[in-house]
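Chain nomenclature is as follows: A, B and C, assigned in order of appearance, with residue numbering initiated at 1 for each chain independently.
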Amino acid sequence: MTEAAKKETPKGLDQGIEVGASSLTGEKIEGVIKSVLDNETGARLKTYVDTCIHCGLCSEACHYYLSHDNDPRYSPVGKVKQTMWEMLRKKGKVSPEFIKKAAVISHTECNLCKRCAMYCPFGIDIAYIMSVVRRIIHRLGVTPLYIQDTAHSHAVTMNQMWVKGDEWPDTLQWQEEEAQDEIPCLRIPLDKEGADIMYSVIAPEPKFQAQLIYQAAVIMDVAGVNWTMPSGIGWDNSDMAMFTGDNELMGRIKRTHYETASRLKVKRIVMGECGHAFRSVYDMGNRWLGWREPPIPIVHAIDFYYELIKSGKIKIAKKYDQPVTLHDPCNVVRGGGLHEKARYVIRAICEELIEMHPNREHNYCCAAGGGVINCGPPYKMTRVHGNKIKAEQLFAAKAKGAKTLVTPCHNCHSGLEDIVHHYEVGLGLKFISDILYEVMEKP
Amino acid sequence: MRKHGLGLLTVLLLMIFFLVAAHSQEEMISVDNSIFPNPERVASVFEHEAHNEAAEIDECNECHHVYEDGVKLEDESSEDMLCSDCHQIEVSDDQPSLMQAFHANCKGCHRSEKKGPVMCGECHRKERGGD
Amino acid sequence: MHELYGLLTGPLAWAAFFVFIGGSLYRLATMLILVHKKEKFIFTYMSWKYSFRSIFHWIIPFATTNWKKHPVLTIVTFAFHICLFLTPLFLLAHIVLWDEAWHISWWSLPDSLADMMTLVVVGACVFYLIRRISLPEVQYVTSASDYVILLIVAAPFVTGFIAYHQWLNYPLFLNLHILSGEIMLVAIPFTRLSHMIFSPFTRAYMGSEFGAVRHAKDW
């Protein structure tokens, strides 16, 4: 299984890695590794490495390990051994070949989902160690091509998908017009200063999932929310720079996002059903900018729907009648504790929720998050073969009667789509808003 | 008659007492630990005559000491008493406990003289115990 | 033998305790200084409530998902660590030595129980050794140092057991016992045995992040 997986995803066909590594010298590698370790890491990395007792208890936390028939190279600590330990042991004197391998491991065989942090008896943050590896890879210019391209897009356009300045308001107005066929007086208010809420999305929504903006507009309108969306930069809350280790760019992106909200004088930022963006605006970007917590309250879609349903601003006409199962995304559940609210919402809008096991904080990762899916087609099968265990988990939920798979996260969505398709699981896939839009009372 | 009998009995008892005392001293091979309710270790090996000969101890009060106000009285000795007459099993403020006294008396001297056993199992010897 | 025993229980014992206590304080201080210098934010995220919530879950057998997943390991690990701490601290022979040197003493374990606890420690070391050799995910991340620290921990208990029973050459094994105990003390701050010092902090930090920021369980 392991060998087959390796053959089907030939490592080394990634132009970002190949071209980047071709210009590396031993001196440059050593200099960058030392610079990152000396200047950018501190007590955490040192204490984690010194404290790890090499017990292997993190192994079963990892979906890659479980999916590759317990191949130790895929265990969290196994991946640290192949990357960070070696860099530390050789004091940065590693080869370009080693760097290429480290780039593949850290970028495509770890989703930074932090499930392993819950299995290490010492609470060692292995995902953080892999982030440090990615930072080194970034500073060496060996980041996989596709995700580097999204980072470039962020740097140039302040959004992830090269959406041009005029395309954005154009898309919003297009969705507004579409929605007005259903609710004639519906508006998507642009740049409305002093609105209660700024609604932000990730760039793939205007690029190819514009119906999600439509649904959000309907939900906002029906609930009578005083909301707005920015017409210029700052509308995209996504952040691939966070995953490539380009922290400086991550800072720019998040500053733009917060400052847009602040310019509009809104009370809160509500965001669509995205996991990594939540991690970025709720946990990572703010810290880089020196904020303990986000400077403006961040409300994830799950939390927002919970609020609307609980307060009665949204009423349910007829519950979704197919049994659903819920995939807990790492960034909003292990990263934001929204699992019980998600269940409240699901139960309010669906007839039946069939739990998959494990669930909540212990759910298996989708294998797409952490920037892995953004590394593009060369690694599609790395993700799919690396998550056989997810397919098994879904089959079990299906056997108990689940027909629809709900997950409130874009990356999970795309990753699970590949899993469902490849393993022929046969579950329909939906966002919460897909169902909420369908079952809510509309005027 | 009754007076004579009593005198005879006293003499007899005294004779037996000294006989036993002398005999037991000759044969003494271990410290009497019977006063300890539940001793964790076997009684310490101690061959009185052989020890004193090897250690060249002539004065009884080298070991059978008498202390007064924390000062050892050079011309007094206590070989006619039991150690436990002074040293209690429980630790008290003014007096080392019986175990502390044994350890201090034996091991303390051995360490300062750099002779004789100092490790636990050199005195509390399992093969000699058989208790 | 007098000279050797005197050396082991005198200057070397002083040195071992000095290095153990001083070294542990040094490691702790350098860690905190490093946090202060480079990752000050860690202090702002630390929470007593969530630190202890996390620590309590992980120091109770079977209170976490991963302990439940590995019942044998869990029992062995808890028995090992409990015996590893309690046996030397409450061994009668050790307390007698403290008493002779410093006139301090405390409650002691019956020798027969201490004897069994020693066997638990040694048995657990054997278990860890077998686990290290036979489980691929452990073997893969094992280096020579892992065997060395296992040996460092097992040695005082093995030699202590042999010495207590007065098997083989008693004075030799007692001296080896003292020496290996001193080696273990010295090794704690400067090997990965330092998880004794650091693990409460790594656990507490992860507990704080999970509790206060992530609003999720970390067990």
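Going forward, a residue touches a chain if its C-beta (ideal position, glycine included) is under 8 Å from a C-beta of that chain, and two chains touch if they have at least 3 such contacts.
Predicted model only: the values in this text are computed from it and were never measured.
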{"item": "Top chain pair, ranked by how many C-beta pairs fall in contact", "value": "A-C"}
{"item": "Most centrally placed chain - per-chain CA mean versus overall CA mean", "value": "C"}
{"item": "Mean-CA-position distance for chain C and chain A (Å)", "value": "39"}
{"item": "Euclidean distance of C-alpha centroids - chain A vs chain B, Å", "value": "80"}
{"item": "Numbers and ranges of chain B residues touching at least 2 other chains", "value": "none"}
{"item": "Parts of chain C lying in touch with chain A, wherever the complex brings them together", "value": "31-32, 34-35, 37-39, 41-42, 44-45, 54, 58, 64-66, 69-70, 73, 135-143, 146, 192, 194-195, 198-199, 201-207, 209-210, 213-219"}
{"item": "Touching residues on chain A, where the partner in the complex is chain C", "value": "41-44, 46-48, 50-57, 59-61, 65, 70-73, 75, 77-78, 81, 117-119, 121-125, 283, 287, 292, 333-339, 361-362"}
{"item": "Parts of chain C lying in touch with chain B, wherever the complex brings them together", "value": "2-3, 5-6, 92-93, 96, 99-100, 105, 110-111, 163-166, 170-171, 174"}
{"item": "Residues of chain B that touch chain C when the two form their complex", "value": "40-41, 91, 99-100, 103-104, 107, 111, 114-115, 118-122, 125-127"}
